[in-house]
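Take a look at the structures below.
What follows is chain A paired twice: with chain B in the first complex and chain C in the second.
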Partner chain A sequence: MVDAGTVAVATQMIGDAGLKAIGAGIAITGTGLASGWAEKEIGSAAIGAMAENEALFGKGLILTVIPETIVIFGLVVALLIK
Partner chain B sequence: MSRPKRMTKAVIVGHKSVLKRTIDSLHASNLLHIEDFIEDESGFKISKPFQNAEEVSKKLVKIRSIANYLGIERTTPAVQKTNAVLRELDAKLDKLDSDISEKIKIINKYETDLKNIEAQKKELLPFLSLNLDFDYYRGYENLKVFAGSVKENLEEGLISRVTQAYELFFDVNTKTVVLFVAKKDADKVAEVLQALEFKELRIPERGGVPSELLKETEQKEAEASRKIVSLKAEVESIRSQYTDFLLASDEVLSIENQKAELPLRIATSDNAFIIEGWVPSDKYDILINSVNDATSGRAYVTSIGIEEEEEHIPVEYNNSKSVAPMQEIMNLYSRPRYTEIDPSSIIFITFPLIYGMILGDIGYAIILGAMALAIKSLVKSDSVKPLMNILLYCQISTFIFGIIYGEFLGFPLASLHTEGETVAGLLPFWNTITLFPGISGEEFTFPVHRAHMVMTMIGVSVAVGLLHLNLGYILGFINISKHHGLKHAVLEKGSWMIIELGVLFAALGYFGVISGLTSVGVVILLLGIVMLTMGEGIKGPVELPSLMGNALSYARIIAVGLSSIYIASTINTIAFGMIWADHSKIGLVAIAAIIVFILGHALNTVLSIIAPGLHSLRLQYVEFFGKFYQGGGKKFNPFGYIRKYTEE
Partner chain C sequence: MRLLERFRGETPPQKKKKGSSNYAYAVTRVRVMKSKLLPKESYPRLLNMGIDEITRFIQESEYKNDVDELAMKYSGGDLAEHALNRNIALTFDKLGRISSGELNYLITAYLKRYEIWNIKTLLRGKLYNAPVEEILEFLIAAGQFTYSFLSELAAKATSQEIVEALRKTEYYPLLQKFDGTNLADIENALDKMYYSSLFEAIGKPKSKDRKLLTRFIKLEVDVKNLSNLFRLKKAGVKQSDEIMSLMIEGGLELNTEKLAPLPYEEFVNELQKTHYWNSISGVADQDMDSLINLERRLTRKYLEYTTTFSHASPISIMPVMDYIIHKNNEVTNLRIIYRGKEVGLDDNLIKDQLVVI
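Here is the complex of A and B:
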């Protein structure tokens, strides 16, 4: 059990600014992981396709970077929280 | 804004007796992209290669395998006359071939020898410490010889316990054991040895004392190595002597081969031939003249109207010299189709522009610009030059934005003076001027202090993005109206611009900038959506959110830029923190600080090519090209050869 005093101290320590920072952090972390995950899947498939046909580099690059927009959304949200 | 080079379809018809001359002149002119003939009902057949084809390919294979073995590199060409090369080719090639193959054979023999010697030496080494003549190891009737190695020390007591008739040789260092025992006790002794993990060694078949044998073997080894070295030196001298010959003859024979095999790609009957192909329209006359000259007018050249699907037409870029490097970026994606707009000249502006907006730093622009110039002058390779030119264009734009942002290696040059705060800059006399209020309480200043007006810069980035996207829609509009008519263009691409207009009006009205505009905006928006649905079907409205995604994607301009600034300023903080930490003496700390500064900025310089480059490229490929570009054009590949090592 956490007594009332600890809660008060904790609330004091994590003020509004702290919560905002944590929120911004979550926004970046989540979207960053999500883009990374998606790009990993697409990237490995793209490399596989490139091994068959080198001319697919351009298309592979494009497909691989498409999920990157997710993290940009995260960044925008993080900045808005600030 | 340009289109690919206009092409004319040329058909050349003639009697087979002039085929060779026609092919020679076509090859020399290097203008005609030949369409391969596919046999059909017409009765025409592809022909056989010229008689010399087989011989030429044989020689070519020989030359290439020799060149491959010698490791011939493409050097600065010493141009030779084709005739001279051809005249000497057979004799020289035979001599070279016999020289080389003889030497290769001997080298191979010595190398095999060397391997055997190596194996023999390995066999000898364990016996070296005991130094018993190998003849003593065999030829007994009542004695058994154990020769091998054990894991632990072999005490004599262990053996004497099981047998009295023995002779033991043991080397403590290598743990090699040679043991002679009476045959009847052999089993018991074997058990004892087994307990010590005895491993039998093969006894060399030669007789003699190991140390002497080793000396002999080493002599042989040195001999063989020396011979190999001297032979390789001879091969090396052959290489330098024949490099020019090999390069030139490879080229001459490749040309002969191309010509000899052309009949496989054209239509022929018993007595006539037809060659079909594409020639740039402005060069058509040159082609006619060269064929007429070569055949004294006996081959008939004509152009025919383009009626078949246009995707067969090969595509040759039609750009000025300064725009040409951008074609590399186009090729990486996909060559434009014949009927499309070739956007090279547009990305000539937009790619460096966005790169510069991202990086925007005077210091990095100077470093990278100097690097690009240096590589351009040092590396002669044709594939590197366009890339360096692109890098150079990008650095010009980076330099300009560096002045706009007032940044030098991550330091702000001008000191920031806004209502809220003052941040010192590098140059004491340069102060920012507040131009107008930005988004969410920020102030828009000159020079633009990016790190202090992030929200405003996101707004600016997205606005630049919208301009870029709309440019894409306009190009798409032009492409479609040319191909499918104005109505389709308005419905498919114009509708997007109407939707944007509707959103803009609605937003202006909603935020009370101009009252009463909201409903007008909504009406326009709905109109746009209806038009889009008419143009693209249900797929259109489904893709609506992508417009927001695309526009927001341009926020990376400021995001990637900020990351570069923060890396640079972190390096600066660490380096200068170290120097200022200890004022009294300039010693190790100062040197370490300089190293941190140099290494850190070197790292950030490399990142400054990759990150802004890739992100700028992505904005072109995904967001911009997605609005209008199809690609997939066939490369214009004329029948001919660009000579480097020979001339007619």
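Here is the complex of A and C:
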């Protein structure tokens, strides 16, 4: 465990701008991983459906990119933090 | 823990999972495959057709490749029989190919029923001196045995040679006991072995989908036991031991030990306490002519339940199981129509044999 004194010293060293950058980084990392995981699941399901019925290509593509919105929200949050 | 077991000289339990499963890919693919099954509206049309028209109809469906492939070799009902068997074997083989990890392991364990079906068919065929061609008509190469291996087995002169050829399989210790007179006992033992190894493969269910899969298999055991109980009661078999020797262990709701010694009326009264009664209440009379209606209703219930399970757990093995039994039902229906038409049965009689969902 890190005590309160060490946190205060670390905060002073990093500064406000540094903390904002870390926050923005966390927002992008989290949402990026989440949308990647969701797209992997939906994408493999879409490929499975397309392998049996090629006509499902359009629907599969649209459904696969829908989780991309998650990372866009992350980007928006990161820009707002800045 | 494994290290401790190794120090003690114990064999660690066999690892069942082999890599990660691709549920999303396999399940969606299987769902699309299910959407290609014949819709229920096609059955009345099929019933109005002749054999050649039916062949043409299925040639335009998912069975096209199979009919085309075999059209040079067979004709009429034989062509349909071989095409249906080939199609079901390739379809189930495909399920093995498109799945991985635990999903593949469970599908393979479930499809072992076709290995047992083939062994039974081969032994029966040889015992009654059926021609090789006739035996081949009923072989479904959906398990681990390939069609060429099964054809080699069918070409063997005696059942003992077939048993020897299966020396390296897990069935050999049981088949060794086959002496030419105890086929029924061997068949029952094979069925029991299948279900016990299937339950072993599933293991102790912890997750929701494993629990549903166990429930599905248990339901299947109950359906089998129930129709066997009705058959035995109708045939007047009263000895509890004799009945119990034919029952499969591990059912969902039926207490076979309690039901086996009961006379018909009490047996039916006891069944009224189970949820199967709703499905069979109208047809379970003591003086019923045949069990066809009853078995049809039980099969329908089984199919409907599996679909419900597959909706309850959409990304699991259940949609795959749902597809397997619906595909099997479609092939059985088509086979009934073909064979019925071939021997000139009345359309209504054929219709009564079908399970259409």
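Everything that follows uses one rule, which is that the second predicted complex is superposed on the first by the 73 of 82 C-alpha atoms of A that agree within 3 Å, B and C clash if a C-alpha of one lies under 4 Å from a C-alpha of the other, contacts with A are read in each partner's own complex, and residues count from 1 in each chain.
Methods note: a residue touches a chain if its C-beta (ideal position, glycine included) is under 8 Å from a C-beta of that chain, and two chains touch if they have at least 3 such contacts.
Computed from a predicted model, the values in this text were never measured in an experiment.
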item: When chain B and chain C are modelled together on chain A, clash or fit; value: fit
item: Touching partner for A:V76 - first (chain B), second (chain C), both, neither; value: first
item: Partner chain(s) touched by A:A46 [first = chain B, second = chain C, both, neither]; value: second
item: Which of chain B and chain C A:G58 touches, first, second, both or neither; value: first
item: Chain C, chain A and chain B - angle at the middle CA centre, rounded to the nearest 10 degrees; value: 60
item: Where chain B and chain C come nearest after superposition, their Cα distance in Å; value: 9
item: Chain C-contacting residues of chain A that also contact chain B; value: none
item: In the complex with chain A, residue positions of chain B that touch it; value: 332-334, 454-455, 458, 549, 552-553, 555-556, 559, 614, 617-618, 621-622
item: Contact footprint of chain B on chain A as seen in their complex; value: 57-59, 61-62, 65-66, 68-69, 72-73, 75-76, 79
item: In the complex with chain C, residue positions of chain A that touch it; value: 41-42, 44-49, 51-53, 56
item: Chain A-touching residues of chain C, taken from the complex the two chains share; value: 22, 24-29, 31-33, 36, 98
